[in-house]
Amino acid sequence: MAPRRVNIGVVGLGRMGKRHVHTLVSRTPRANVVAVCTNLEHELEWARSNQDYKDFEIAVYDKYEDMLNHTGIEAVWVSTSTDVHAIQTKMGVQKGLHVMCEKPLSIHLEESQEVIDIADKHPQLKVMAAFSRRFDASYRDAAKKVLQERVIGKPYMIRAQTCDLLDTTGFFVRYATRNGGIFVDCAIHDIDLTLWYLDNPVPKACWATGTLQHHPELAESNDVDNAVGVVEYWGGKIAYYHCSRTQIHGHDVSTEVSGTEGKISVNLIPRANNVVVNDKRGMTHEVQEEYWQRFEYAFETEAREFIDSILTDGPVPVPLKTGQKVMEIARALQSALWSGEVSRWNEKGELIESGERKINGALNGHAK
Amino acid sequence: MAPRRVNIGVVGLGRMGKRHVHTLVSRTPRANVVAVCTNLEHELEWARSNQDYKDFEIAVYDKYEDMLNHTGIEAVWVSTSTDVHAIQTKMGVQKGLHVMCEKPLSIHLEESQEVIDIADKHPQLKVMAAFSRRFDASYRDAAKKVLQERVIGKPYMIRAQTCDLLDTTGFFVRYATRNGGIFVDCAIHDIDLTLWYLDNPVPKACWATGTLQHHPELAESNDVDNAVGVVEYWGGKIAYYHCSRTQIHGHDVSTEVSGTEGKISVNLIPRANNVVVNDKRGMTHEVQEEYWQRFEYAFETEAREFIDSILTDGPVPVPLKTGQKVMEIARALQSALWSGEVSRWNEKGELIESGERKINGALNGHAK
Amino acid sequence: MAPRRVNIGVVGLGRMGKRHVHTLVSRTPRANVVAVCTNLEHELEWARSNQDYKDFEIAVYDKYEDMLNHTGIEAVWVSTSTDVHAIQTKMGVQKGLHVMCEKPLSIHLEESQEVIDIADKHPQLKVMAAFSRRFDASYRDAAKKVLQERVIGKPYMIRAQTCDLLDTTGFFVRYATRNGGIFVDCAIHDIDLTLWYLDNPVPKACWATGTLQHHPELAESNDVDNAVGVVEYWGGKIAYYHCSRTQIHGHDVSTEVSGTEGKISVNLIPRANNVVVNDKRGMTHEVQEEYWQRFEYAFETEAREFIDSILTDGPVPVPLKTGQKVMEIARALQSALWSGEVSRWNEKGELIESGERKINGALNGHAK
Amino acid sequence: MAPRRVNIGVVGLGRMGKRHVHTLVSRTPRANVVAVCTNLEHELEWARSNQDYKDFEIAVYDKYEDMLNHTGIEAVWVSTSTDVHAIQTKMGVQKGLHVMCEKPLSIHLEESQEVIDIADKHPQLKVMAAFSRRFDASYRDAAKKVLQERVIGKPYMIRAQTCDLLDTTGFFVRYATRNGGIFVDCAIHDIDLTLWYLDNPVPKACWATGTLQHHPELAESNDVDNAVGVVEYWGGKIAYYHCSRTQIHGHDVSTEVSGTEGKISVNLIPRANNVVVNDKRGMTHEVQEEYWQRFEYAFETEAREFIDSILTDGPVPVPLKTGQKVMEIARALQSALWSGEVSRWNEKGELIESGERKINGALNGHAK
């Protein structure tokens, strides 16, 4: 008797899709990748000629509907571009499949709500939001210390930055037009961490500003390449964020949680590995290039826990709706960035003020 | 023939006043402390019974006017509480003495302008603002790298925090009522660093929020014990600040300057010394308790350069008016914190919008 | 058609044996664990009741000979105690199976040479020594920098320490009687790194000393719980080692390679993860408890490369004989430790002097 | 009445002599430098034209005897080359002056013993050995933690390195011929720390080896530019040392003290200041160039405490004889380095074996 494994298909074979297939095949023993799907010709070619895929009998589809009909398929991993996350998740659920959906579910709150509603109608299916930091060993250790061991007393402030290495290939900028703006694209992990560590605080007001330093072409899509935002939460809690797409030294993602009895830092000093070079310049260590090097094993844990929730019929580690509140805050920051005005919520967390003025900080940066 | 030394008097014998006397006596060979002055009885007693003061023939005065008339006095170091900085500086200048004035000159922009004007009328006198970080070896090294060697390309963003150890004695809170609010009291060094490293940018807009975590009594003086503020500058530059009076681990003051070709960090990991304890908890190092441990030798350099500017009739390292622009920005952040509204400047740096609403973030934090 | 996988059996189900099975099952997609074997009753029970083993159809044997006869078995992973490594490796090879053998092959040089000779007679079989640090990302990065990029010029000195967490369970001490002494047990990875980074230098002389701080019972087996040794190599190269079984803060394994143009450090500051706690004591990070936390993913790479060498009929990454030279040096250090005398080699690397005096340093430490 | 100050003369105006004058003049308010002395023409010229020296009325002598006769002189700071330390100290004492003598007193044990005997006959005079690390804030903090707070239980092992920046000027090599060899020149601070932290242990055996990597000309004076030595002490204590004159990244002096309950590290990661540069290479900090940057303020404390011991007639912080035991161990290591043989002591600390064979490791390194 073969081991009990979940038959899964992966849709989207971009950089991350390929990595998810890799993780599922090589580090998730209870997953059985039966199919992949993409509608991009170069990805199809790549997949069809991949010897590993042949060896592991992974079918390659160019139509999502066809993959959903693959014999024995039980689950789908949605790893496409943001604009089709919602529809593909919905289709998977309606087909009776478990679905892991990359963040964000949608940049439109109504659309993502619709998917959540559909998922709620299929409680037997595991439908999960992929917030990978929730599976990282360091963030989990921090959560244990903050929330269970209470080593910093009452937590009241988050400082978080998601600062990516400068992409000199231009790939990112082409992709940026569909991603909803820098806070939606980069800060949602930081906002998610805020909700986690501050125990689901209700936002009260936020403001943001930004600048264009390396990607003037982003001005066309009303975006910036560096932004700073502050969110005040009801009850005297505060979070502030820095998003950057223009780091020179590497992927610099760090988080600090301040509490009444101490502070916990995660990855304040990013390091590629344990090596230090001592030479004429002094002492130097390298920094991870991107989130993959930082979170490679978090993706393993994420995949395993999704598969386990299916096999054991347990709750998914990150429910779909977690992403909804995160997205509301990201969009309010985005609105503040674009308008220069403060966004405000009432105590129930309903957005009551949100500016409409055109972005100007970015254009200034660009103009210089 | 005795060496050429500057005869100096120190007014104010609080914690810092004593330290300045110490620095001048023991690490500033060209200074000759001839007198000290305080109107507080316990400080007077302490000074009168101090054997070092006797040995070094330091006269002790209880009236500032009297000290100004001490035979041979050439310079004054003003180290009193903020509310008398301006008047004492003015009196010193009018008496024909050089003056070093602790920051800030005044929390009232008109008052400090008046002193600046008077000083301008006495160009032969050295009148200097004491921004101690400008004399710190690390901040100077960072300035050299940023401004001269241009190792980070064009600098465009500052992240700075001035986070002080929690004061459990209550001393601070009693003092807080006269200091103008947390941004005026704590952030002005950070704002000064911003002007330094970003080459005197013109502010465009700012917003801030705060919370009360340990000192509910501050609510009476409309203050908070933690605040976060963001300042957008014209030309696509940004600075953001965190001020805290409630750190548990020590004095945690760090600064990061981001540029188009890199980032420079100063004191990201604060350390009391070079010792690490490896035990059951892991690896631990201590953190400086307060700014004195962090900046002890910056104060030495500051004192020496002030004395040198007198002896050589050279320019003072930090002109009085530097403090004026810093104070304007601090007060705009303070206004944003109190009102919840955005403060705005035009391209000439004239404040054009500033909210008046009552502070609410602080009260929330307090209420919880 | 099922993917091409190597059918492998693991002998020894102690702490590491279990971990190797785990790695092979869950992170080595081209390996197929078909059997395990142990002659210890409690390990047999544990294995027989293990649901994962049932799910993945892993046969459980109590006789090594029986496992070697398992239908379709192609390779063996030897993870038993040191005293049977050689015989089990030999039996595997003689049965026509590929073998991965945990370090050391044997503490008796003659015995290990015999196995090497037998393996040499079966060149079609992959027989590999498990020196896990050779597969660690940081050590590989260091090797690339030292040997390929030559960033430190000509390397001439190694400082290495293998310092293990104090084992308060007594398990280790019971095990220690068969492991050949502290240098044989702990330093062979460090010696292997020396041969790697200094490009197979020929030893010239060595001396060592040790002490007993926590495990006085080790005196019975003539062993110590902390030892320091220095090896001079021909050509002006030097390595020095510290082995400890009594660390309080965790697994502290670090290596430094000095060269004419710089120095490279690996893991000088051991860290369990990226989390730092800032509290009354200062700033603290935890340290890995043991080599597993430090080298978990090196074991993954090791397993994958062993399996790959079989599937592609390529050379094994670490030949069996690498361990032989390492063991010679370890035993010479051990001899120096026991005798208090210098061990010496001629320029061909033949041992020409080696002391016989009884250990005394250890007893001193114990006596105190 | 002028403050009570000690009139002091400094002999030797090399790099360190100038620095001691600087410290005494500018950071030691109770010292009054009345004279300096050197017999080197270029130093004399430099001193005679030094405006500060003129301003502070410092007499410049070319004969030590003359300086000893300077009116009012009370103390002498001996900062000449090692070969005249003993005679100048003796002359100072015989003249009735307090003496601070740079380390080492002499490389000849008989000569230094003679000076100690003479000093003992003048108990009213303060005669002190300048072991500057004893005055460093970090080493003192470590001593407090180890010896008073006992945070690491019973200390039993020292690892210490004194690794100096490569001197490409050739100055050092010219100087090296008189300094007694690398362990005598570089390791005596490390040995002193060992005696301090391990509470004056009695040496039992030692061995050492070395290599020549950058300074082949040292072979003429039978010296090496890198050496490693291990000292076993009676009672199960161990210290091991690395001395280097060829570091590329800076002055890398670190010390670790292992105890039964933990380990304390001092300066494991040397840093020039708090600045980190984040750029394409990763994250880099600079390292101090030499001991002056590392110990500048230790020299201040040393000078103040010497002066205080005179003014208060208290004991000197580091008695002359401390250096004697240190020198014995340094010379035994030197002997082991030169001979390749083990040096041994009996339980009373009397040297009973010491090799005579010619150094060979160094020549090997050189030959390559």
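A few points about this structure:
All chains are identified by letter, namely A, B, C and D, in their written order; residue positions are counted from 1 within each chain.
Simple rule for what comes next: a residue touches a chain if its C-beta (ideal position, glycine included) is under 8 Å from a C-beta of that chain, and two chains touch if they have at least 3 such contacts.
Chain identities (UniProt): A, B, C, D = Gfo/Idh/MocA-like oxidoreductase N-terminal domain-containing protein.
All of these numbers come straight from a predicted model, not from anything done at the bench.
The chains that touch subunit C as well as subunit D are A, B.
A count of C-beta contacts for the chain pairs B-D and B-C puts B-D on top.
Rounded to whole angstrom units, the spacing between the C-alpha centres of subunit B and subunit D is 39. Each chain gets a centre from the mean of its Cα atoms; for subunit B and subunit C, those two points are 56 Å apart. Residue positions 152, 247-249, 252, 261-263, 268-269, 272, 278-280 of subunit C each touch two or more of the other chains. Per the touch definition, subunit D reaches subunit A in the complex via residues 247-250, 252, 269-272, 278-287. On the side of subunit C, the complex with subunit D involves touching residues 152, 154, 156-157, 159, 204-205, 207-214, 226, 228-230, 232, 234-238, 240, 242, 244, 246-249, 252, 258, 260-263, 268-269, 340-342, 361-362, 364-368.
Listed in rising order, the residues of subunit D touching subunit B in the complex are 1-4, 25-29, 55-57, 137-138, 141-142, 145, 151-152, 261-268, 272-280, 297.
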